[in-house]
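Below, each structure is written out as structure tokens.
In what comes next, subunit A is part of two complexes: it sits with subunit B in the first one and with subunit C in the second one.
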Partner chain A sequence: MGVILDVSDLHIEFHDHEKPETVVHDFDLMLEEGEIVGLVGESGSGKSMSAMAIAGLLSRHEISKEGKILYNGTNLLTCSREELRSYQGKDIAMIFQEPMTSLNPSKRIGWQVEESVRIHRSDIDAKTRKEMAVTQLSRAGLPDPEKVYMQYPHELSGGMRQRVMIAAAMILNPRILIADEPTTALDVMVQAQIIDLLREINREYHTSIIFISHDLSLVNQLCHRVLVMHHGRVVEAGRTREIFRNPQKEYTMKLIGSIPKVRLDDVPPDRQEMAGDILSVRGLTVSYQSGGGLFRKKQENLVLKGIDLTLHRGEILALVGESGCGKSTLAKAVTGMNSRYSGSIELSGDRPQMVFQDPYSALNPSHTIGWLLEEPLRIRGGMTDADRNARVLEMMDMVRLDRELIHRYPGQLSGGQRQRVCIAAALMLKPEILLADEPVSALDVTIQVEILALLKRLRAEMGLSILFISHDLRTVYQLCDTVAIMKGGVIIEKGPVNRIYREPEQAYTRQLLKAAGIAVPGAAV
Partner chain B sequence: MRIKHFFRLKNNPGKYNVTLLTGTIITGCVLLLLLIGVIHTPYDTEAMDTANKFAGFSLRHLMGTDNFGRDVFSRVIRGGQTTLKIAVGTVFIGLLGGTVIGAVTGYFGGLVDEILMRINDTIFAFPSVLLALVIVSLFGSGTIHVIWALGIAFIPSFARMVRSEFLRYRDSDFISVARMQGAKSVRIMFLHIFPNTLPVLLSAVMIGFNNAVLAEAGLSYLGIGVQPPEPSLGRMLSEAQSYLATAPLMSAGPGLMIILMVLGFSLLGDGISE
Partner chain C sequence: MKYIVKKLIMMAFTILVISFVVFLAFRFIPGDPALMILGGQSSPEKIEALRQEMGLNDPVMAQYLRWLGGLLRGDFGVSYRYSMPVLSLIGEKIPITLFLTLEAFLLMVVISIPLGIYTAKYSGGLIDRVLVVINQIIMAVPPFFSGILITWLFGMTFRWFRPGGYISYKVSFASFLGYLFYPALAIALPKAAMAVKLLRSSVLTEAKLDYVRTAYSRGNATNDVLYRHVLKNAIIPVVTFLGMTLADMVAGSLIVEQVFGIPGLSKTLLTSISNRDYPVVEAIIVLIAVIVVTSNVAVDLIYRALDPRIRAEE
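Showing the complex of A and B:
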């Protein structure tokens, strides 16, 4: 077991603003052969920058790098471009977060998987190349690799694309694999499979892996060693087990503390008394027409098949399922964004308001926070300017937003602040029901905790009922009273959180719980 | 305080926005000159002085005299007014028509989109100068008709731009939010989506403005634009072109004016987006 990569005093500086901005300070990493090292931190902590520097992908002129990245006796920061290229893709390979955009949509899968062979091994002929690619695809766990070889990226699901990326990265058996948030864009079940695949690759080929993630529980499952980064510095490093058991630094403790924990033997969270229905959905069926053209017949796709759902006053109900199960379609029907459905949706009170997953796209970038919060009141009308302004300030206090932010634009706010603005905007008209579509999954863990606490407090203070859409069963356990598990447009199981988590009836629910790392008592899995 | 703030860079408030400042100064000077020209010009723009043809630059005639001995500086001011009127009018018509058509087609899509965009394509298929030529020959020449002709010819390019921007934002989350808050279509189109198209629209306006100045020059050169004796920068240039070999300085005045107008507006546009 020798040291395969030695990074010392890595210093990365950006020069595209007036003042140079240091994004990574004194980064050190000794990567041993066959080791999996986790780089953990929140967005902006410099973890991706460090990894990109190792992969030799930071070559823009506005960026200056100092320090040493030693691989094979060569400093990758100072060696010639030719030499760097001879390692890239062959000895050091990288996979990215977004499998939807990291594959070229106009090239067949096979061509893309073979690309690094074509570049580095011109001695290998086309036939062998294809064999290699097909072998890699099947190793990456893709069923029917011959067929996948001829397909285009858009024909594959997100999980399959990430497998293709891994196959392409692994085709020349690199010694170092850098995985930058490889599972963040994927469903929980698929996440678990990709993690398994990475572990397998590490075991079989002895590939060293640098695993970058903001999800500490994944790092805990996979990595031997962890580097915790904060504001461009490594604040703590050590063996995974020790760090998780006995964190030394305050920041690490905060990070670990913000992992949603599910302890089923705990006393169940205090549940409120439910009084009456506020939303009742009966036999909701939604179908989309697709593939229609001028000369082609339209196809009917059933997305929701007879959904029955009841939300009680003051209840937080979770809708859990993988992408494509119809969660968002249900939300659209309930909020009235889609009115082409059959079945009935009965609401008592106003139309429910919705909070979206991505606070970056849910706020109009060309208006100030104050304008955005005032807009629902303006639309409804019947209030004076002063009254409206007072309401805006009141609501900003409610969601704990600094009043100073009223004249700022969304672009000047952090992710957490934006999500608070989104929640405030949704609550301006005092709706009784709030729909939250994965409201925390785009946020950093420590921010997630704050937003969940905010939702809980709003429920207590305003008597809000919340329909919480999520794929993360751990978050759901922290927040919700009732869970409905959805699969293929049907609710397959629903009940109080405690019942579902302790005694799931459906095999699918059990799988979801397992993928979320929640041990079901007495389950034979 | 506010004005001072306006000229500072958005992402770096310690520094002045030099582009915007220069653009404002140039445009400001040009507009001031043209404005003064409404009340007073050094010479009568039509007064001929045959004894003093093709004079070079001097204190008496800042930009010399033309082939009839008329004062070029005075004519540049009057011609600048005409050209500015035409350019602004053209861009205004093009922008207004283009925004409405682009917004409606981009936002609603479907049959409305198909019909309007096919008409748009048809207009687009003709070179804008040719189209303007047809309109002018149907309705007669003169400043007002030139404005209408060029304006209509400019609508399709604006419509396309606005439409693609509206398509981009139509299904975004923040529009869904506005819809859920109960905002009506017109409100969403003009209060929620439109401000987001401004950066693109602004640069389109600047390019459109420059194109309008050039198109006016082209039409006047063909003799169907602004009719003599009314001067316009375009016509002055085309007149000067005949004497380019013998009196090259005659084209300098109107040329300089066009450069200043176009440069000022371009810098203004760039500066605002900074």
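Showing the complex of A and C:
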């Protein structure tokens, strides 16, 4: 095995503001042939920037000239643009985090998969090119590759699009594949399949892979070697097994410590005593009409098919399922945002308040935190300015937000702080139920831990009941008392977390647990 | 195919509705056509007789259907003022206004698409910054004023054309189009300035999207990314704008015809309005409606051809 890529002294600086901002310092990486190296870190750690620099996707004046990216004896930072382009897509290929937007929406899949061949191999004729593309699509695990070849991106699911991206990247059999968070935007089950596919590519074609992720357990599963990045620097590097078993640096320990752990053999965490129902859903059915028009009959699509669900006082109940299973539709019906349903929803008390997945877009950027938190009270009315202000401060203390932030705007806050603002806003009217729709999945792991702790504390201090929507079974295990597994608009299994995780009855639940890397005792895997 | 048929049916329906509204509106505007034809000194009996003859005493619906039936056969009625068929009054003028509008439209496309791409590609550069300022100024100039400026600059100062030297398409089609160039430019410039601005910002927005990064990662050169990936997506919002503009340009043509002394529909329309010569006015309005509705359908079809996501929505 030889070294295929040698990166040394990579410095990346952005010049957007008056003062240049260094986002990557002294980045070194020796990539061997056939090796999978993981780049791990939280958002802003510089991992994606380093990868983009290697792929030649950053403008050159942002990269310091002292550094070197040596491929095939050529320094990619100083060679001519033509030479750099001759490697891009042929020797070094890349796939990205967002399969939904990484493909050109107005071009056929086939055209996009073949693109690298058209650019780099003008000796190959159109017919052979098509054969190559169809072969790659089929290798990437797409059923009916001939059909996919003629389709457009919007006709495919997220998982299928990521497979298309992989097929396009692999078509000229590159020696290096850079995968930037390739599974982050996908459902757990699909995540596991994409990871398997990358492993297979590595084994079969000896492709070296640089795998960028914030998900340490994925890196642990896939990578031979790991580079841990923090604030633009590599803080620790080594064999994956050693790093995970025996981390040297404090930051690495903190990262590893924040992986939600599921140890089914441990004594189960304290579960609250349940007293009385606070929300009771019976036979909830929601359908929406599609198609239809002047000349066509409308079609009825059932999204929820007779859901029964009970939330007890002080309980944290998880709703788990893949996208499209009806989780969000259920949330909309319960919060009263959709009143077109049949069946009954009985609440004792007010409507539940919601916390959303993306704290970046959930807050109006043109108002201060104080204004945003006051808003529910203002709408309800009947309070003096001073009373409202007191309540805002009280709630900010409750969710551990610095009182100083009251005059700031959302754009000046970190993701974790914004999610605290969202939670505080939801609690302003003192609801008894909080409905949290994937509240931590857009956040960094270390922040996730803090927000989960906050939700637990709020439950203890305010007697809150929480409906927690998630696709991450590991997070659910950390937080929830009860879990309901949804598939195709039906709850297929529900019960206490301890029982469902130990003795799942449904095959689908077992698959979900397996995809999340949770070994079910006694189950043949 | 099914989609096109559906569109054509909708189009026919829209024109039908417009024709009805136009017809009805002119029945309710005060003023008796019979009185107008005969003049104030005529006896009431004479007027009543003419009303009877013209069918003005029939129910409105019957009058409408008779008029509509005429339209479908190419009979636009008879001018009150000149007592001759409307068609022979405006028939020779329709092509003049139509060609002026089309030439202006083509000029707009030819000017705006390359400039839009150029300013986006070199955005922030000197030429881009100068063009942005010039654009801003041109956008604010109404067609009749740009017409006056063009007449003064190209017609009187440079003498590149002779103001008022209109040549009929019957004499020489090429010279006819040649004379229309400057009036068409007057109509096209303000719209082209808007289209340049729109295309420029559309290209710049698209260029920030993820698929552009993917295109670069495969070894595409900048021009290939621009022409093979970005342009098709960036032009979609511009197509909508161009379609809406075509309708505006018909109105622009009517005004500019006055400035350049072109014997198109403009003059006939103006005199007919002041003469209350309703059959002529109605015919011209329906004609303009047909042009507008047709261009909207054309935009929809082009839109559909460009964007597969629109096709999927059926």
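Quick notes
In this text, the second predicted complex is superposed on the first by the 513 of 525 C-alpha atoms of A that agree within 3 Å, B and C clash if a C-alpha of one lies under 4 Å from a C-alpha of the other, contacts with A are read in each partner's own complex, and residues count from 1 in each chain.
Simple rule for what comes next: a contact is a pair of C-beta atoms (placed from the backbone, for glycine too) under 8 Å apart; a residue touches a chain by one contact, two chains touch by 3 or more.
Predicted, not measured: the structure shown is a model, and the values here were computed from it.
In the three-chain model built by superposing on subunit A, subunit B and subunit C fit together without any clash. Of the two partner chains placed by the overlay, only subunit B lies in contact with A:Pro376; subunit C stays clear of it.
By the document's definition of touching, neither partner reaches A:Thr482: not subunit B, not subunit C.
When the two complexes are overlaid on their common chain A, residue A:Ser258 makes contact with neither subunit B nor subunit C. In the superposition on chain A, A:Gln419 makes contact with neither subunit B nor subunit C. In the superposition on chain A, A:Met337 makes contact with subunit B only, not with subunit C. When both complexes are overlaid on chain A, the residue A:Thr101 reaches subunit C alone and has no touch with subunit B.
Seen from the Cα centre of subunit A, subunit B and subunit C lie 30° apart once the structures are superposed, a value rounded to the nearest 10.
Superposition on chain A places subunit B within reach of subunit C only down to 5 Å, the least C-alpha distance between them. Only residues 11-12, 14-15, 172-174, 176-183, 187, 192, 195-196, 198 of subunit B touch subunit A when the two sit together in their complex. Residues 55-57, 81, 85-90, 93-94, 96, 98, 101-107, 115-116, 119-120, 152, 154-155, 165, 168, 295 of subunit A are the ones that touch subunit C when the two sit in their complex. By the touch criterion given at the top, residues 6, 209-211, 213-221, 224, 229, 232-233, 236, 306-309, 312 of subunit C touch subunit A in their complex.
On subunit A, the positions that touch subunit B within their shared complex are 17-18, 335-337, 351, 353-354, 356, 358, 361-367, 375-376, 379-380, 422, 425-426, 428-429.
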